[in-house]
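Common to both upcoming complexes is subunit A, partnered first by subunit B, then by subunit C.
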Partner chain A sequence: MDHTKGMLGIREFFAIILVTIGTKLTDNTPTGLFNEVGNAAWITIIIMCLVSIIPIYLLTKVITSYENKNLVDIIYHLLGKHIGFFVILLLWLTETYSIVLSSAMYADIIETMYFVRTPILIIYIVLIGVAAYGAKKGIEYIGSAAWITLIGLNIALFVVLILSILQGRINYIFPIFGNGIPEILTEGTTNLSIFGEFLYFGFIVTSLRSINVYKKGIWIGLFYVSIVFMFALIGYVMLFDYVSIGNLNYPFHESIRYIQLGFLTNVESLFLPFWLVASFLRFSFYLYISALLFGALFKIKQFNYLVPSIAILIVFLGLIPEAPVFSLFNLREILVYITAPIFLLLPLVLWIAAKLKGEFKK
Partner chain B sequence: MEKMRIRKFFNKLIKEEHPRFEKAASEDDLLKEKQIDSSLANTLEIFKKIYYVPNNSDVSIRNIVIGGINKEAAVLTINSISDTKLIEDLVIRPLLINDDESKEIELLLSPQVRKAHEIEDILKEINSGNTTLFVDGEPNAYIINTGNFQGRSVEKAENEVVVKGPKESFNEQAMTNISLIRKRIRDEKLIVESTTISKRAKNELYLLYIKDIANEEILTNIKSKLNSLNVDSIQNLSVLEEYIEDNIYSIFPTILYTERPDRASEFIEDGFIVLIMDNSPDVLILPATFWSFFHNAEDHYLRFLFGNFIRILRLMALFITLFISAIYIAITNYHVEMIPADLLLAISSTREIVPFPPLVEILMLEIAFELIREGGLRVPKPIGPTIGIVGALILGQAAVQANLVSPLVVIIVALGGLSSFAIGDPNLNYTVRLLRFPFLISAGVFGLYGLTALFTFGLFYMTSIKSFGVPYLAPMTPNDSTSKDTIFRKLLKNEIFRPGYLKPKDIEKKAGE
Partner chain C sequence: MKNRPCISHFPFLIFVLLLLSGCWDQTNIDKRAYVIAIGLDKGEKNKINITYLISNPEFSKQEGPSSEPSHEIITFPANDFISAKNTANSIVAKEITYNMLSVMIVSEEFSKDPEFIRYMYDVTKDREIKHNNPLVVTKEDVSTFLTENKPKLETRIHKYFEFILENANKAGLIPSFKLHSYFSITESDAGLFLAPYATTQRTTSGKYTAGEDEFLAGELD
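== the complex of A and B ==
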């Protein structure tokens, strides 16, 4: 007798959005932005947020016009069997590629910043193992775990942000447009992949309690994440200035090493657990989506049994790059350039197809 | 599937042939299904055989002749569980002194007399302490309520102590316990349903719920579980708990166990179902969520602020018990830079002379603490204080002086141990105490990384537990807007809804308005 029948409510959905996209500000995503636009990186986030409104709006429009269909069904329905298969394959490949990259990066963060003497293989196995356990359990448990920890994660994040803004220098954020407005605009659109995950939330729409949860959650999520991201970037630049921050691979972790909390001079271990919980949850969600897409490709109903195999695959793929700090950064650039157009175009294509098929009139 | 097959294969490999025992008492079983006939001698013969009368010393059969009608009769009862004076007054005396020839036997006896003719039914009555009267020439027996089991009276709650609020606790008699609950819920919709749950000992179980609140689905779920039990004897609720639990191997308890009638009534009024049994000084409440273990009766008795204050304390105690020693290990082994320099020097100077690594040191002390606690619990009362003194003072002091452990570790383990006492529920208490060890080991192996990994793992597991279909962390997640009594309690006037995760038939606590 489950009251909710394993469906996600708005809180859990919001928590998943925050955990999956919010954690990006703690890896090397900001570094890429700082490299291109200097200290105006935080403005690019606003641009990104504004640009993202279009695809997310179109996607929401398409998804809400169907009931009890998730994005997979909709893609198959609108684009047909063959093109649909191809599109989902593409999505699965980019998604899995991004898990491999980001998990390798997170393992690298843990190794280089905190556990220098622990072999990366072990760190990686623990990271993916815990995430796989959550993904195997199912989306509603990822959501529940995310919601329970969300308050703690947010408090930890805000403490970091407030401390770094208080301990930083306000004049580092000037000149306010950094390398210039044209750079901001181009980077803002090419780096859209930061919000590319919003596409994936369409896949779990049938696990939500109602379509309203999706509609509300996705907008609240987008704006909240953008604001947090923006403040984080401001915080980083105020602490390090734009030249040195381009050389820091993991600005969040450098920040928590830099800031002080009263009599505690080294607080990074205080924030580490919170960041780790968020990372575990993030990869759980990614693994779940990857298994879901793979299941959709090959018509496997109980796709959660795929999670362990995908997890093992990811560990082995993620261990391939040597000198991860550099290689991962470059590999990520490729991903960024692939995902951004998908994120921009796929909703548009779906919307046009739906329009042509006359789905909105119903 | 695969797991099952492998297990079967291994079972086959190691299986030994056990001699099959013949089922005993099959003759008796046949007898039990019969009815008694009108011949007194015959009937008595049957019952003597069933009860092995000359050997069974407290089963008494008294032959009498009923005055007036002049019929032979026999009174069968088990002395040790019935009230002899009552039998004398209600059964034997009225029969003997009767001189009215036309009076019926039923009228001679007390008003609560019943008739029975199936042997099995009669046996059940006799085994409950009631008196049976067989009369020659009648094909049925008269049953008179004279049961009188020995037990203690209603006493103060010992395990769930409160400062403010009622002090009564349940005792081992089901009827007393039901009466304690009925005293609090004067509602005609409060149902006390009884079922027999064991085959041989015929243990009686009472289900208490409010008919127009409790959810039928949960009720049928519980009843089907109870009906599927196939055991000879279930002595009390603590034993029953294991039979009806969903996850027997799980470290988290899923059935709440309380000795406080006020708490039980509160749960019944919210739509939960309560199980009561003889011989159990407590009741089982199901379904149970994590929060019902975390909460305490006193949270709602204390004023709003104070009630929430003790909730915060309890939450802190929970986290301190779980994590303090693990965090100590993690920090001293992996994250030394976190400790302020002065403190670090202090720690290292006290650790200088200790020959063990911190993990071993903490594990030793934790195990010692658990031993002291277990020993202190089992020790006979007169020697109790001695153990306390030896354990706490001498052992700790001596261990420090002998350079076995550092004083800081003693503080940490003692703090963790003390905090664990703030978690009142015995089941959750064990959960937390046991969980400390995996956390310790993970912190020893991977520092804060291992600690967090295990924590997240546990969180995933916890969210996926269900107690009779109710998610373990409801109403926090899956979120439920009806009741918000989780970490903090709300103002009583705002707690107007029954927990929605139970799907009660009547969700609002206030009628009308």
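== the complex of A and C ==
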């Protein structure tokens, strides 16, 4: 038997990166950007990509200098037992908070855009139930499922993007800097949380086939996701113009309702399954990471068994916000301001600690 | 013997088919009334008059029409056209749906009203109204327009608007602007939205336009 069985190769790792971060362009993340910087939102993605090179480079440097240790062990090793515990707790809290918010948002998307009469509780239970099943199965299953669906997802996404760019108007992307360069720079750095998940990929590094997979996958993933994100934002703004897009909460779903595929007019039901699969995989990965971090906090080896209880907790927490369209949008703003500094500073702190301990000399 | 688990699992897939019917959101075609055109007129005291053109789905069958009329037109006052769906149910027995909506028609008087865009914003709030529906402006009230407008050959009214708008646009008689561009043009300042203009009133002067074909390129100022 192959000893690498059950480990993630570069394909699966890349697929996970794309599914977890790429699906963000289909929820209300772009609306937040468009509200702040107008039609230059796609330039902020470039800024974000360039800024996040620094933390990702530092993180990769730290992670590659250890063999067979994931980020949890590295944090405990470098920061000590007490500070390490605090840092992991912080990461677990932000991660779980973000699952609650985004899953509530996705349930809201499904409810408002597709299944109007179905109670939100049922939609939510199905969404989290499927995701919890995937997370319970483990990261290998999430990885291979992501890889299998990756081609379909990409084709669906590119059909949507090409159609919206073809049916849009090129002059809507001008003035090219939107509300001005200072806004672009500040928004580009404060909204870094879009790429904040790159931190969490460090936790599955021991499930990867080798450290090179991590090194290569994370860079390819970062640039691919940034390019796709950029084109998606260009597509939206070309289709809707910058004023209307600020009023649309879920631009992706509005654009698949608007575009026409030749003689087919109602194409949204064609793209819905792909989007659903991507969301299931995204939440599977999130739940897996949440269980892993919780397991690391309280020294639980078999953290797979934590997934169902975390899932139930998430369903009940996510049902609390009323009028989700507005409340989730504001709650997400808080999350954005918390996770951006964590994503920027934690790799730096780890790198400095590793440098002081002389880990890189070995 | 190796294949046996696969085959024995297969019948369970049939049960998955039951899920396809859905639970809450299942709807029957014959239980809904399909609005083909919504007409908006200015009413009294900040209210609007809404006209529905409801198509008879029986007319899309191949076997030929029954004795029922091809469509029904109703006009009633309302606050907006989302709550109007429920108001209309006092006359129409079936559930009103905008799924097959193919055109929105506004009277000229109402379209000049500064409050008009406020009523139009309901379009963005109703998920059934697609943003690629055309917006047509009529000279008279929409309720008169829809009752007067009787296409002789196209009794299947849900195809009539689609065809006439498509072909008139091909001929260059009308612009092809949709609800979607109505919002993006009106919201950004200094824009002018151009909508197709329709009427059932014959103009009194039936003369030909003088010298319509006698221009060379660049001559027209």
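As a working rule, the second predicted complex is superposed on the first by the 359 of 362 C-alpha atoms of A that agree within 3 Å, B and C clash if a C-alpha of one lies under 4 Å from a C-alpha of the other, contacts with A are read in each partner's own complex, and residues count from 1 in each chain.
Note that a residue touches a chain if its C-beta (ideal position, glycine included) is under 8 Å from a C-beta of that chain, and two chains touch if they have at least 3 such contacts.
Worth saying up front: this structure is predicted, and the values here are computed from it rather than measured.
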Return fit or clash for subunit B versus subunit C, each positioned on subunit A through the superposition.
clash
Taking the superposition as given, does A:Val126 touch the first partner, subunit B, the second, subunit C, both, or neither?
first
Could you tell me if A:Lys137 is touching subunit B, subunit C, both of them or neither one (first, second, both, neither)?
first
Looking only at subunit A, is it subunit B or subunit C that touches more of its residues?
B
Where does A:Val277 make contact in the superposed view: on subunit B (first), on subunit C (second), on both, or on neither?
first
Is A:Glu12 contacted by the first partner subunit B, the second partner subunit C, both or neither?
first
Just checking: does A:Thr118 make contact with subunit B only, subunit C only, both, or neither of them? Give me first, second, both or neither.
both
Does subunit B (first) or subunit C (second) touch A:Ile110, or do both, or does neither?
first
Partner chain in contact with A:Ser269 - subunit B first, subunit C second, else both or neither:
first
Could you say whether A:Ala145 touches subunit B, subunit C, both of them, or neither, answering first, second, both or neither?
first
What stretch of subunit C clashes with subunit B when the complexes are fitted on chain A: 9-17, 63-71, 189-197 or 207-215?
9-17
Counting contacts the way the document defines them, which residues of subunit A are shared by the two interfaces, the one with subunit B and the one with subunit C?
115, 118, 265-266
Using the touch definition from the top, list the residues of subunit A that touch subunit C in their complex.
112-113, 115-119, 122, 172, 240-244, 247-248, 254, 257-258, 260, 265-266
Where on subunit A is subunit B touching in the complex?
1-4, 6-12, 110, 114-115, 118, 123, 126-127, 129-130, 133-134, 137-138, 140-145, 147-149, 263-270, 272-273, 276-277, 280-281, 284
The residues of subunit B that touch subunit A in their complex are 215, 217-218, 221, 331, 334-335, 337-338, 340, 446-453, 455-457, 459-461, 463-464, 466, 468-471, 473-474, 476-480, 500-503
Which bits of subunit C are touching subunit A when the two form their complex?
22-25, 124, 127, 130-132, 180, 183-184, 187-188
